[in-house]
């Protein structure tokens, strides 16, 4: 078993590509995007499903090494500076080190 | 019953049903995929019908004047909206610009509901009106961006011009409306006949279903985002359609459109976008509050236009 | 072929296809959004057609007796169900009450399939039957709650009366059926004509597609929740429709409905709810086992009614 | 305009619209549930129509020869495909086998688009062709598995024969096509008449909507999986439909099908599966690269068949 | 980086509002609701997608401070007492302390 | 509060049943399956929503005891050997020990 970080990001669906591009650039070996039904944060309740799609959020999960995680955190602060998103990091272990 | 029908045709009654069900918190919801599917269907059906109509002889008469009028209104209507939002309501610059863009642009369903009312009343209209609808979708986006920049500080985030151009020219409604319009035009009368059971016979029923969902959605977004709306904004969401509609009405009379064309031009000018403009604003003006402009357009101006705007403009147009 | 058609009309054949495909674990699934969309469509189409029929002259004759019969049956049928479930099967009180509520209430699709069979056979029926259908949806919910309380200990969780009233009066099927019924009534003949390609011409095809999915869903829920069903419960899920249907048949004959009306009343009484009642029970009787009542209604009684109930009641009604 | 219509009927124009919108990265997407719903609808409509046609007198003439031809082609066409993929392109064994299976099997939408073109041109065809379509779905799967085994080492993962048989015999398209075919046959003319507004009147419109989505999907999968495709593979994705189509054309002429039947047999042989075969390959050949075969079928051969194949075979068939 | 708790709750969709109301009341700064396809627990397999929706579950994710988490745990035990739900808590870190 | 493991598995939708069967067999008390919109890994971008469904992934979440987790890890290595999937494990705590 090998130690890694599980990065979880809640972000607007229309901006998901920017985030995954960033993850790719910073050396993440992969990521997974999950749909969100609704949420609440500082900007109040966000209910997905309006016709323009601008109120939809997604969750991006990325299992990454310590080094990649550090780079992502530095950059995501900058990337997301102007636009709100929720980033949390958890310790995890993975089966095969070479995948991450 | 025809009188009730003309004041409150079935699609509008379904809107009222959805709105009432939402207000009463009825346990009723329409799958999101169905709402999106119906929205796509309506745009394709409108485009195809318009294109086929344009293919008939003499149908282009008055087209250019109507296009020019529609594009001009789409460019200009955000201006008074922005001034009012900044001056009277003191809305933050980016949000004010984003909101104002919605009111220069148009709502496809409001157009469809008005076209349905005219059909029930037996009032004819220019066949090219769907082209005007498509043309009015996006000029307002440019005005909104200009307004957001004017007098703003130097710390503006860089505008990704490529992405923005895509949003303006290649947003879903424009692609679907213009694409279907072109296909309808090329396919002409035989194509129209082949597709009529889908695009024409089903139209009223599909519109009913979609307006049911729009009623539910209006209340849903009002609940989720309503706290962000001051009474001033709610008032604006009703006054602006009246201003826009009046401008459209007078303009259409000036260029000599038919009764139906005048009514539709007023409806278009008075309507507010809920697909193309929010999507563009989200990318171009990320600091603007999406909750405010989506809620204002979907939950205030849309119901107002369906219940008050359409009957008003149809009446004032002389139908 | 008309004989096969009348015994096994296309929608029922599609149900069999779905059920068989499910049993054989065929790699076939219908998107959930499509199933929900079809369910909404069927309710709207039934409501609109009924309302328009009621708007025609003389159409209300017999309405009140039929409504009273339907409401009465919906209130009373849970009683024998509950007694049997408690007495013979020793089902836990809340679950027994929840199950019994389903059998007083009705299934819209079973009704639609029966109406389709009657149409194929050319048997007429009272135009107000959709109103009876809507009226029978919820009285049974109240009976079920009463049964759950009677003789229960003092540790009952508080009943949120507001939420419950909403479930009873404002659940999806009731709102859609009654709302469309009213709209159909107000729109009258011109409205009906406008919407007929949507609500009437498509109805048989949409019903086929939906019954295909119901067949798949029956097996799916049987697989997921079937372990919770004893053979006693499975037997109950077939016997209760026979009891309910018989009561409906006799009642309808007593009040003098037409042949088609008798058949439909028997079908309604024999059918079991799968939307309104489960939703209400989940809120009002949280300790009842949802897996059991949903599975019993969708995977046992629904197929039984489609394959055995409808042909039986149609035959016994004299069609 | 009829000339444009016959070269580029509305469904094909919608495919071009979707493809162009995708290439230009237009902000347009069709809900996945709608795409799946339309795919199910098309299979049911094709099956029902074919079954009803077969129920008319004299309609089975030539059926067995056509079935034998179709099944034979489905079995054999993977062979040249596999040899080329292994020999010329040096594709890994399992992936080569999986790809080759797609080209023996068929695409329902390509068939539907061709049938639409023939209808526009007024060219008749054998009523049993939907049965041939269904029969060609799966023989190729067996050939593909055989090819994957031949000469492979002993470390092959165990083949779950039960699961595989299900995929072959009970995959979604086969169940839907054959089931609807049988129902259409049993329901005969009265059933057909009842369902025609759903299955026939809506067909061209539904096909337009679905091809719009197929255009968008082709580009989407090309973007996601395109890096996995060498130029050799892209060339194969266009050459193989030509080879398959030619075989189908000659075979159909040899057994004496009608003009429309010849064109359809060529279209079927040239088309590549995108539902049944990928699903079967995923289970049976897990080490094969799904990204490659799905992308090749959906994003290369499908567009090629719609834009080049259909007009070519229709022309060569003499229509 | 600041330490927080990631609360994950699997609950019936029809009861999600009760849970998020509770989270709001107890001071959570936000939450996110994700859809569930199917699940298994003590009550057997639950397959979403029946027409009444009563078999649908959702996952509610809430990033909260230690204090809020404690309050939520106390209350959720009570709230969910009668009705089953799955609650798990993980340690996580977040970028901006003021958001949570 | 009791210590458990949160196992998170990203796997092809068509193979989800195999994984949950394994979890059942090894003594897991339950699991939850979430839908995935898209993802990237060693095999490149996977975009769900093709008509055959073979490109769809899901996330399986399983809260399990230390013992069950160990068994699952051993077996999943074998089960998933030939077919790629992403497995990560996080420490978590749960309210009621008897549920897991």
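Just so it is clear, A, B, C, D, E and F label the chains in written order, and each chain counts residues from 1 on its own.
The rule is simple: contacts are C-beta pairs under 8 Å (C-beta built on N, C-alpha and C of every residue); 3 or more make two chains touch, one makes a residue touch a chain.
Just so we're clear, the structure is a prediction, and the values are computed from it rather than from any experiment.
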Which chains does subunit A share as contact partners with subunit E? F
Given subunit A and subunit D, the chains that contact each of them: B, F
Select the chain at the greatest separation from subunit D, using centres from the mean of Cα atoms. E
Which chain has its C-alpha centroid at the greatest distance from the C-alpha centroid of subunit A? C
Between subunit E and subunit F, two touching copies, which fits better, same or different residues at the interface, with half of the numbers shared as the threshold? different
For the identical-sequence pair subunit C and subunit D, what's the CA-based rotation angle in degrees, nearest 5? 120
Cα centroid separation, subunit A vs subunit B, in Å, comes to 34
Geometric centre distance via CA averages, subunit E-subunit B, whole Å: 39
Whole-angstrom distance, CA centroid of subunit B to CA centroid of subunit F, is 45
Would you give the residues of subunit B that are in contact with at least 2 other chains, written as numbers and ranges? 31-33, 36-37, 197, 201-202, 279
For subunit A, residue numbers touching 2 or more other chains are 34-35, 38, 90-91
Each pair of chains that touch: what are they? A-B, A-E, A-F, B-C, B-D, C-D, C-E, D-F, E-F
The subunit E residues in contact with subunit A across the complex are 1, 4, 6, 20, 24, 29-35, 58, 61, 63, 90-95, 99
Spell out the residues on subunit D that touch subunit B in their complex, using ranges where they run on. 1-2, 4-5, 8-10, 13-14, 17, 21, 24-34, 37, 120, 197, 201-202, 204-206, 208-209, 212
Residues of subunit C that touch subunit E when the two form their complex: 32, 35-36, 39, 157, 217, 220-221, 223-225, 227-228, 274-279, 281-283, 286-287, 289-291, 294, 298
Okay, in this complex, where on subunit A does subunit B touch? 12, 14, 38, 43-55, 82-83
Listed in rising order, the residues of subunit A that touch subunit E in the complex are 8, 10, 34-42, 57, 59, 73, 76-77, 86-91
